[in-house]
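Structures for review follow.
Next come two complexes, and both contain chain A; in the first it sits with chain B, in the second with chain C.
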Partner chain A sequence: MSQVIAKQSKPLPDAGLDKGVEGLTPEKIAKTLQAMLKAEGGARLAAYVNTCAHCGLCAQACHFCLSHDMDPAYSPAGKVKNTIAQVVKKKGKVDAGFIREAARIAYTECNLCKRCAMYCPFGVDVAYLMLVMRRMCHKLGVTPQYIQDTAHSHSVTANQMWVKQDEWVDTLFWQEEEAREEFEGLRIPLEKEGAQIMYSVIGPEPKFRAQLIYQAAALFHAAGLDWTMPATPGWDNSDMAMYTGDNEIMGRIKRAHYETAMRLRVQKIVMGECGHAFRSVHDMGNRWLGYKSSPVQVVHALEFYWELLRDGKLKLAKKYEKPVTLHDPCNVVRGRGLHEMARDVVRASCQTFIEMTPNREHNYCCAAGGGVINCGPPHKPTRVAGNRVKAEQLFRAKADGAQVVIAPCHNCHGGLEDIIHSYGLNLELKFLGDILYECMEKP
Partner chain B sequence: MKSPGDWEAGKRQIADLSLWKETFSYMEEPYAAPDGETLAAVVQTGEMEFSVCVNGQPWEAVFDKAWYPRFTPDGRLTALVSQEQQWTLAVDGVAWESGFDFAWNTQFAANGQGLAVFAQEGGEYKMALDGNGWEEGFSDMGDGALAPDGSACAAVVQVTSFSEGDIFTFKKGCYTVAVNGTAWEQAFVNCWTPVFSQDGKSVATQVRVNLYDYTVAVDGKPWDATFPCVWEPLFVPGSTSVVAPVKTPKGWTLARDGKPCWSSFFVQLLRQRFAPDNKTVAAVCAPKYGRWTVAIDGNPWKSTFDEAVWDVVFSPNSKRVAATAKDNGKWTVVCDGKAWDEKFDMVFAPVFSPDSGRVAARAIVNGKQALFVDGKMVAQDFSRAFDPVFGPQSDRLLIKGIKDEANRLVYSREVLVL
Partner chain C sequence: MTAIYSIIAGPLMWAVFAVFVIGCIWRVASLAWTARKKDIAVYEYWSNRYAARSIAHWIVPFRSQSMRQNPATTTASFVFHITAIVTPLFLSAHILLFDEAFGISWPALPNAIADAFTILAIVSLAFLVGRRILVPGVRYLTTWGDFALLALVALPFVTGFWAYHLMPGAGWATILHILSGQALLVAIPFTRLSHMLLFFFMRGYIGSEFGGVRKAQDW
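Let's turn to the complex of A and B:
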């Protein structure tokens, strides 16, 4: 882990990164990073950094590296070498230019998808290492502008989209009113203490994709479930602070989420189709707070749909006709193993299912996850160019007959939308909830 | 809480909910008054016309929308209502004269007197106390609080506007707390969970002074010390002194006025509560990773639970503590460190008897609600129940619940002799 690998690409402008490094001095950098290495850089960091044997197996696992003709600068080991390994080796004595570049790599060229960890013979978790690098950048105030703004929104509103409290409630009223025109007596129950389920969503749903709340309400209504949604902050399960490295805000918003559910005395949280939120609720935010698991059972939408169909609570009137393929979101597949449940639901609801290859836990990331899409327009070219292999994968599925890609994750949707348009794939993109809503028996 | 007047043993039917369902085309889940004499639910009374049904009779006033029906601690019935696109609070069927573009988040004073709501008017945010909105509005509003005697209200407010994406102005500090509509002079990066002192004259809040340093501000002035994180502050009753959990290099501990006041440190520390004698403090803590319990004056119970501890309740004599805890997927009640044998799918906050000798709790088991006293079931099979209330002599328990009786859904009030 000694030499820096030369980069093939030019840094893109980003106000958060560019202005962030302006005030940095070598002394400030060293002091901040040494303090962090002492306080948070434990055995795990040392073991991972020192264990890498540079075997290169991780390179073939990374969509960025595969999409850049195996340029070693994009390999997971190369990214480690160019970022956190240098910090460890130099005991934090790095300059502002290094931090600018390390931030760019850690925030925009790694999706924290953990595919490489699966292929590493030693199980080195590069996602963890990139998160440590991001945490250091956060501590230095060098974070991409757009995702930092999202973290600020989390800190103020406990949601990622600056959705104000009245806007949230009003959106639920609006969706309930619309849905009542289709489903007599449908209700989106607010603040129903003692309900069995709290349904939680991510910020973009009330902001841009309110129809997903409508569709979820239709499923709950048809299945006759005892559910509620909060009228207070704590409704958003998402977490970009987790990805900026602001662990304190990550813990704070996870507290808000769990404690909203506990205040309402629900037995479980069912969450919409979001991958990173599941990681935050079930893996990272909980651990920062001291919970081994989450204090309230958390069920991802994929598992929820599967249970509804298994228990006969949701009945389908028809099958979706267009041939579909399925994108496996990293956080709920590699992170939770929900891939077979997803396939069961797809097969139950769609006439023709065409696997994309590779699939299940070997699937390629969408290149939006890990907060990369939240770094905003300045970095869109990076993630689109860095996921040519995804475009090729989708193209093969299309060649096999797929017309529709099902992506049960918000960030995957955003990322795949860009891949599909940028590479001219002409595929439709849907949530699994879109398919179920279309095919369900409507009471 | 208003003391339930009728303590004569026996059961009395208050409402036939099956009849309500036959009468109204739409009905939401009902809520019971503290004394159990009244049951209320939002109902639809006509096309796009809603009201609140009280013991079978809807309020005379009807609205375009009604939601969040809740009783005050002294037994008045409130609901958030809208009429002709104006939102307000209705109390016992009478809407406040003032209306807003939106109103939500009803706040109840501990003594039952004051009522406040969050309100938005013309894109500006404010609180309205007993119908009177703050004169000045703010561009956004966060957590709010109402003084225990209902005399004042406060909320986190945004005092400097910035565009979405302007991370640089944000970092300068754009938020503070407004008390009765007047913002503190000093602004912070963030403020959370303001809380009033017992006399309603002081307000404390969590603040983030930059992106990394947290502390508590009291009446606008931050503590001298900062920490990597803090949680909700709480005034020491009868004083302007404030305690809050703070994170230190050794772990979480309780700080008073900026200085650690406990010698013990935890993986996590939350939700501190003072005993009625104002001397003892109890809080939820994790003495080690993934194990949860209650710490009293810094000393954790020996028994720990693997998923969560939530409610922490002191007995009236300040000598006992009851908590709710989740272990291995099931909730239970823990009294003085000893868990009940009974396990539940969900449990509600435990209630002590006035003599501090008994503990009651409402729980959910297999989809039905039941009531337990000292771990023994005393009533069951409710489709919906409400928190139990002990009689003044501690020998009786008021049970409020809805049951299926002879194919009728019936709400009854029952006084059980223990």
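Let's turn to the complex of A and C:
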């Protein structure tokens, strides 16, 4: 099974990468990369690249490496060796073929999940190094076509999915109308200045997962919270520009998001079950804009659910019956330590909880994150073959009795869906919000 | 031979100490300066508490998952690092030289123990060399520079052992011992051996980020 998938792993042509390198000359590359090294190649880059002892202990951390029988080209240090380390060593004097290959590695064979930072004795942050490589590729105009399209969408519309302004508002009205059939008096309050909470979502929710907005509205309604959603750009908390290396657009859209919350004078932003958006809002976008932490308090869905249950604001009518297991998304677990809260919510809402191993900070990535799934169909075989170890981990959880995988992150959802189907695991996949919505006391 | 000895143990030694000390200061200070200009996050997120927490988990054997998964490498690595640092610093012959030059002395390791430590250092280093050659994942990353550094680290121990046991050519072994030790000291600030200094800052930073920003463990 895995062999069949591994054979497909040769990446298909990617217009963004192939066309992107066509116009590159060695002079142009050297000029761009040297300027980039001068402006942004800081102490961390130098220390990480020049101090790595080549010990290879990071290999055991990486799902790509583990899934390819420890092929060292997939190890974190191997990827560094074949990308950014060459740029530093050769002071930017690399050719177009190198850039094509470095882009393929940095964009599609690393999920920036930071698991390897926990296995390196020095704590070398390979995710950071891959982001520097991606930023160099971005500056050279060599980015995978699909994810570049989402960055364009961010630039034009301030959301990821080319959602038009009227479509956004219309979708919220539509979900409100639907939800009012089930919950009398439910509102999705738009533009309510001074509300306590601004709820923000990612572009794909109005685009094709509108029921998640419905479910969130149901939770807010049942808990009797004072909340609002913005009707203006700035409603989308997602950020693929962060992953293409386009920090300038990352900064613009994060500013739009924070300032929307400030304009609405809310006390905090509550976000849906998205990992990368959380990373962008609480860790990366704010840094780019010069905020040490997010200028408006940001609460991820996992923490939000946990608080609702702790405070008794959300009451459960029953417990979910099928045995569940929990996937720890990198951006909210290695990124924010929300794993125990997630477990509390799962235990409170499900009858049988089965841990997959490894778990918590040591969980294997979904192989979709870090923008990899957003690089689109050409690279799907790469991430599916590159995560055999996840399939095995899920299979063990299934052997222990799990029937449902809870993945509280959109990217993880997309990635695990492909893993589950490609490896024939036959497991159901759910958001934690799906479970809460199903089990809550409905007023 | 005496003339060579008096030069390398005299003026050259002073020069080596100067390069070592100034080189180490320069290495750390230049990175600290670059970080100030380009990686302000390092200063903003640095936390003594979380840096210490992370370092404590990584300088004590088997306190990280990574170390537990690689018991042989972890054992060899710790044996090597401990013996390589302790032996030269607490060798009675070295302390004696220091006492003659500066009038400072400190308790020494018994010679038999120092001798055993030297053997342990050489054996554990041989393990690390073997690993570089035999483990495909490590071989893939290894450069000639890595072997050169390992040889540079091994040389003072091999020659020291040779000289101490008065094996044939012990006089030249002593000269070689001093020269290789000096080469090693000079190499520390300018090569990957600088991890001797930078480990604490790198581990400290990622520990601060994991502890303070990510609220997660990094071991």
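Keep in mind that, in the parts below, the second predicted complex is superposed on the first by the 432 of 443 C-alpha atoms of A that agree within 3 Å, B and C clash if a C-alpha of one lies under 4 Å from a C-alpha of the other, contacts with A are read in each partner's own complex, and residues count from 1 in each chain.
Just so we're on the same page, a residue touches a chain if its C-beta (ideal position, glycine included) is under 8 Å from a C-beta of that chain, and two chains touch if they have at least 3 such contacts.
Bear in mind that the values here come from a model prediction, so they are computed numbers and not experimental data.
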Quiz item: Does the chain A-based superposition show chain B and chain C clashing or fitting?
Solution: fit
Practice problem: Using the superposition on chain A described above, determine whether A:19 touches chain B (first), chain C (second), both, or neither. | Solution: first
Quiz item: For A:97, is the partner it touches chain B (first), chain C (second), both, or none of the two (neither)?
Solution: neither
Quiz item: Is A:185 contacted by the first partner chain B, the second partner chain C, both or neither?
Solution: first
Quiz item: Is A:292 touching the first partner chain B, the second partner chain C, both, or neither of them?
Solution: both
Quiz prompt | First, second, both or neither for A:362, with chain B first and chain C second | solution = second
Quiz item: A:443 contacts which: chain B (first), chain C (second), both, neither?
Solution: neither
Exercise. Once the structures are superposed on A, label A:401 by its partner contacts, choosing first (chain B), second (chain C), both or neither.
Key: neither
Practice problem: Mind working out whether A:232 is in touch with chain B, chain C, both or neither, as first, second, both or neither? | Solution: first
Self-check item: Angular separation of chain B and chain C about chain A, which is computed from CA centres of the superposed model and rounded to the nearest 10 °
Solution: 120
Quiz item: Rounded to a whole Å, what is the shortest Cα gap between chain B and chain C in the overlaid structures?
Solution: 7
Quiz item: Which residues form the common part of the chain A surface touched by chain B and by chain C?
Solution: 39, 292-293
Self-check item: chain C residues within the chain A interface of the complex
Solution: 31-32, 34-35, 37-39, 41-42, 44-45, 54, 58, 64-67, 69-70, 73, 132, 135-143, 146, 192, 194-195, 198-199, 201-203, 205-207, 209-210, 213-219
Quiz item: What residues of chain A sit close enough to touch chain B in their complex?
Solution: 15-16, 19, 39, 138-139, 141, 145-146, 148-149, 152-153, 155-157, 162, 164-166, 169-170, 173, 185, 187, 189-192, 194, 196, 231-233, 246, 248, 251-252, 255, 262, 265-267, 289-293, 295-297
Quiz item: Any idea which chain A residues touch chain C in the complex?
Solution: 39-44, 46-48, 50-57, 59-61, 65, 70, 72-73, 75, 77-78, 81, 117-125, 283, 287, 292-293, 333-337, 361-362
Exercise. Going by the contact rule at the top, pick out the chain B residues touching chain A in the complex.
Key: 26, 28-29, 65, 67-68, 101-102, 104-105, 118, 120, 125, 140-142, 158, 164-168, 170, 175, 189-190, 192, 208, 211-212, 214, 228-229, 249, 267-268, 270, 286, 289-290, 292, 306-308, 310, 326, 329, 345-346, 348, 364, 367, 369, 384
